Amino acid sequence: MDKEFITRGVKRCSTRQFVLWILPWFALLAFGLFSAGLCLVKGLNQTNMDNRFAFGLWIFLDLTVIALGAGAFFTGFLLYILKLHELRAVINSAVVIGLVCYSGAVAVLAVGVGQPLRFWFTFWYPNVHSMLTEVTFCITCYLTVLMIEYLPVVLKNRKLRQVPSFLVFEFELHKLIYVLAGVGTFLSFFHQGSLGGLYGVLRGRPFAFREGLAIWPSTFFLFILSAAAVGPSFIVLTTWLAEKISRKKLVRPQVLQLLGRISGLLLAFYVLAKTVDTLVWINRTSPDSGFPAVQYYSWKPFGTWILFAEIVVFGLIPAMILLAPRLRARSGWLVSAAALACCGVGLNRFVQTVQTLALPTLSFDKFLSYYPSWQEVGTFLAVVAFGVLVYSFSFRYFQLFPEERELQMEVVQEQEKEQLEMAGRF
Amino acid sequence: MTTTRRDLLRFAGGAAFGAFLTPAPWRLITDTALWSENWPGIPRPARGEIRTKFTHCSLCPAGCAVRARCVGQQPVALAGVFGGLCPFGVTAHHLPYHPARLRQGPVKEAAAAVAAAIAKCGPRERVAVLDLRPGRTASWTYRRAMAGVRNGTYIAPAQPPVSVNLANARTVLSLGAPLLDGWCSPANAFAARDRFRLIQAEPVESRTASLADTWLPIRTGSEQALALSLAGALDTRDAAERTGLAERQIVDLARELKENGPALVIDCRMSQNVVALNVDLGSWGRTIVPRPEAPVPAAWKTAAPPAELAAVPDGSIRVLLIDESAPGEYLPWNEIQKKLVSGNPLVVAFACSREGYGQHAQFVLPAAAFPEVTDDLPAAVDAVAPGFRLATPLIPAPDGLVNPVDFVAGVAGLAAPDALRQRADAIHASGKGKLVTYADGKSAAVKEVKADEFWKALNAGACWTGDAAQPGRAPGRDFSPAAEAAVPALTAVAAELAIADSPLMSKVYQESNLRLGPDRVAMHPRSARECGVEDGAKATLETSAGQRRVEVMIDSGICPGVVLVAARPGFEPGQAKVVRI
Amino acid sequence: MKIRGKILFLAGAMTALGAGWAGFPRVIYRSRPQPVDFSHKVHAEKAGSQCEDCHAFRDDGSFAGIPALDKCAGCHAAAMGTTAAEKNFIEQYVTPQREPQWAANARQPENVYFSHAVHVKRGQVKCEQCHGPQGSSDRLPPYQVDRISGYSRDIWGAGGRPGMTMDDCVACHQKQGLEHSCLDCHK
Amino acid sequence: MKRYGMSIDVDRCNGCGACMVACAVENNIPPAHQGANDRKGITWIRVYRVDNGEDFPDRRSAFVPVLCQQCGEHTPCASVCPQQAVDVDPATGIVGQMPERCLGCRYCMAACPYHARYFNWWDPAWPAGMEKTLNPDVALRMRGVVEKCNFCHGRWHAAKQRAAAAGKKDIDPADYVPACVDACPTGAIRFGDLNDSATAVAEDARKPESFRLLEKLHTDPKIYYRSKKDWVKEIASAPRPGARKESLRG
């Protein structure tokens, strides 16, 4: 029934099948919206956050999804600025992923503040010294950019093309795309950084506090680097998932390998930088503020293992795999390495947000624990469901993978050739 | 021509565009934010002229002088006149609004029932008043009333026969008395604090203990033994065994008390042994003097003498009127119950809430809460000279309350027109002492003020202090041997004084763990392990006061084998059991 | 066809503009009449009274604001003039000892701390500077309150009214170089 | 320019909690919601119980009142607030918090090493009738905003007004004393202008046994604690796991 919406020349599952696929996600979304509603109407007492654990699951979610969404800006940057044309194959899907991640993050931020009605104060009375101001400005701006970048994808839809003015508009937009990519890149570089700064500037939390260049602590740059590193990995991951779920070939393996290679390269840099930063912090920054770094890791369960896992298991190892052409060539290795990298960035954001708050600062403090309430988890899941839905719809009705059609042709031709050959035999 | 969908879209587009050029959308955004400033349901503090009123806090016998900051007539903040107040005093002006506060009661029915019960009182059966805070003018009225009733008895918890003079002390040994935590007026205690060395002998590290110069952690119930051995009436080895101290410590302590005098030994009720020990140490007349009392009208001398509960024969009280509106030391209910007649005795309690004896009484009649009461205060345990201090109401009492004094006087057919005024006049007539007014801090000799002015001043915020009486002959040093009580496996000890508290006290026991909340107990890790509970565990606590659900807290400052509980009215230290739920 | 589109667009814009500029202010404010129609002018001329005579300071420097009934009753125990307003006032309020519920246009929000003593006595600010020519007005301005925010129009509203909005305060404080922190004026 | 500060004699504090409730009375802080606990309540000044880590009978405790330390140098909370709801008053050195401007993002709470900032998790509510006892000099806060100690700013306003009414240029120090100082029965807390070396506070601050919490963070707190006991002085420094048993009460 929705045939005329589906791009020519690509196969999509039957409407019934599609409905069956999205229904559970819609259910999840509904539940999530309900719990978010509770938090908005009854207030944040619905969460398990408290005066000492002022941030919880949500801020962790924000930092993580935005790091993963970095693929959007970085792929754009590689494609339009550095002219890596192979990446045209994944740029659309990258944009969708970016859109999903950023809109999700903004939504959660809106639920997470005590007085959402005052959201505009940040724009009207901004405190330029606050990292959160930088974050808010950049995220909102970049979200608009993403929407504009998303428009062409939408307008290319088979049905919408029928409106002539849309076509014109879309064409005009295309001229803009380089500007957009540039702006987008700048903005996201900036707020990936300010998200890192968010905790790096906390002088009162020596576990997170870092020295740095000018007004920016070292975490500012580490976040940019790590985000740029895992962004491509996440695209590899999602594309692979899409291929598996839709049981189709969507991009040429070389593209994914290229992404993997870039990811690995940056990850290697990141691991190096992170190591240096950690050493400086352990030997200078932390002791200078009166906190011997060893004590952070003597509060169970957050022992030194967490540092090891962050840098080696989820940093060095995937970087090695992705840098080794042989391993990279095998999709199994490629994907699992990408997955490792993504977990790594997640762990790093977790350490930044949760462990920082759990550790005591006053000598008579306790080591604190925190478990999110179901309302918090629900809101978290809403973002996930929202993401899956947007991606599914975009995948079904828009052309996320331009190469898909050709790949399909090739498959068909091969089949025909075989048939001919067979015919020739007899 | 027809309007198409496009036309509508165009119109709408234009409207949207135009709207942004008007103040409306921006104003709406602003207004919603402003609306969040006066969020619905947030009360608005009343404005008005700021006035200052004075009174005396009647929450405990210390009776601190209070300066009240009022908006119009309503007190909004209390502060001490001679220094700080305890947290209960600071928030006392909330008590009338306490959710558990009693506002209505079957007054007529109670009066009728009492009259009927008195009418059919047997020859041996008694009508009794239990007064938790003796020494007040109200107490005198009760005693006079009981003198007028057949077999009328006035019962009160034993009062300290002496009061202490902290100002003179150089060494103070406190046997479990919370000297710095509400035993006497905090202003006095801390004014004198820097001049004496404080030795606290107590099984738990109480607030006083943590501030004391020396804390002697002794076993529960061994205070008397320590006192006796210090007086040489008990062998040191024996005492060491009972208290859990080293003999050496006891010997040193004894020496210190002798050498670094004037010494003062106190315990919660200034028991006979402790008084005798003080006499022994030669403190009589220096750090310890007989309890002073302000003059009373000669006509009152016919009043019934105070009786201790123990002195009343069992099963003899038919009518018991309990005044707990002025809280003091609560006598354990099971003791009281023994004294009641077997066949339906009548118990009437006058109280602000059902918390206390109300649970056991047939009738609970609502009495005035602190800033509404008109009452006076007995001499505090740290008052060397006689005094007269009024607790005058800061706000009018709501309708439907009963004044226990009037009720009892009515029962006895005693005309008690304004006993407080009579007392004041008697004091004035004595011509002794001086009148200290708080507003200006001036003091005038009583001789110089007229009776009316005297009375007016007392009501407007002033106190009368008489001349310190001569100590007279010291009481003979006769010691009552400390009963060798078997120490139970787990002993419950009260953490706080049981005082009615404001909802805001949640700051110190719910929103922080500074004080032990009513639903919490604290114990040493070891005894917790023995009971099979750990920190934060839910458990049931069984004491003589009954059973209740509590949350366990670990505190290694508590003597093993002791469970620290927040005292409730009627609670008494003793055997306890903590069972995990 | 094209023209028609433009016309429709403009029509839409015009409607919105009209509604936003003319209609909206009427909708957003709720108006409340004053209990008594009181003339500052009359009192200033006939009784020759100054502002301070009725709007007095207390000893602690706090400002009494609108005088209570007894102040009025001091003169108006019985009718002094012949106006219906006064007659009405005496019957409605003085005789039954009922405080008139004045609607104070100048009452600042709960979160604002404004001390008349500091401004008038130390700052030497004239009443008119903020309240406008209230003293010579013949009738009280109607009390207009924002339906959503609940603030009086003088406190947070359109221009053309006496300057008692936060922006007015800030402007003056900046001029005087007296602007330190939020808590200077907020409580 | 004044620099208001406080000195707290830890050896004198008996942990009665009068300061905590007096603060709540003065600043219109509501009683706890039944769901509140020691981590969700609002206590602008909070008395912690610390101990020397020994076991009975060698255990000794001390009580440490902790309120906003009014940091003077790169004040952690002021710099992070995205919408200027936190500011340091140059005239008094007091760190101010504007509930009406606050977005409730709680970034400042994460930034504060002294845990002196509190969030309104619930709508403020009082038992029926008790709202009559609210203080008109302090505005009530709404749900979803952060609040903290501001040295009883309402009293500062009142003092300024009294001075103006009396035609005086400067306020009388006796007129401006925070509620906790007023209420403290032990006289452990002193308040005054640290810039004026004659004040008792400035004197205390100079005493050898006086210290400030986490001084090495270079936030220049204006609350000076002091104690003669060495194990009490340790509370000034960073936590050392195992050195002191967790103080489970207080």
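Should a chain be cited, it is by its letter among A, B, C and D, assigned in written order, with residues numbered from 1 in that chain.
The criterion applied here is as follows: a residue touches a chain if its C-beta (ideal position, glycine included) is under 8 Å from a C-beta of that chain, and two chains touch if they have at least 3 such contacts.
Just so we're clear, the structure is a prediction, and the values are computed from it rather than from any experiment.
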What's the overlap between the neighbours of chain B and those of chain C?
D
Could you name the chain whose Cα mean is nearest to the mean of all protein Cα atoms here?
D
Just curious, how far off is chain D from chain A if you go by their C-alpha centres, in Å?
41
Centre-to-centre distance between chain D and chain B (centres being mean Cα positions), rounded to whole Å:
29
In whole angstrom, how far does the Cα centroid of chain C sit from the Cα centroid of chain D?
38
With centres defined as the mean C-alpha position, give me the chain A-chain C separation in Å.
54
Could you pull out the residues of chain C that touch at least 2 other chains?
60, 62, 110-111
If I count partner chains per residue in chain D, which residues reach a count of at least 2?
37, 40-41, 48, 100-101, 123, 138, 140, 142-143
Where chain B touches two or more other chains at once, by residue number
32, 35-38, 44-45
What pattern do the touching chains form: line, ring, star, complete or other?
other
Flag every residue of chain C that touches chain B in the complex, lowest number first.
4-5, 8-17, 19-21, 24-25, 28, 58, 60, 62, 64, 109-111, 146, 148-151, 156
In their shared complex, at which residues does chain A touch chain B?
115, 117-118, 120-121
For chain D, which residues are in contact with chain B within the complex?
11-12, 14-18, 20-22, 24-26, 28-29, 31-32, 36-38, 40-43, 46-49, 51, 54-57, 59-63, 100, 123-136, 138, 140, 142-143, 179, 182-187, 245, 248-250
Along chain D, where are the residues that touch chain A in the complex?
33, 35, 37, 39-41, 48, 50, 64, 66, 74, 76, 79-84, 101-107, 109-115, 117-123, 142-146, 213-219, 234-244, 246-247
Within the complex, which stretch of chain B touches chain D?
36-39, 41-48, 71, 74-80, 83-87, 89-91, 93-94, 96-99, 180-181, 186-187, 190, 193, 205, 207-208, 210-211, 215, 217, 502-508, 510-516, 522, 524, 535, 553-560
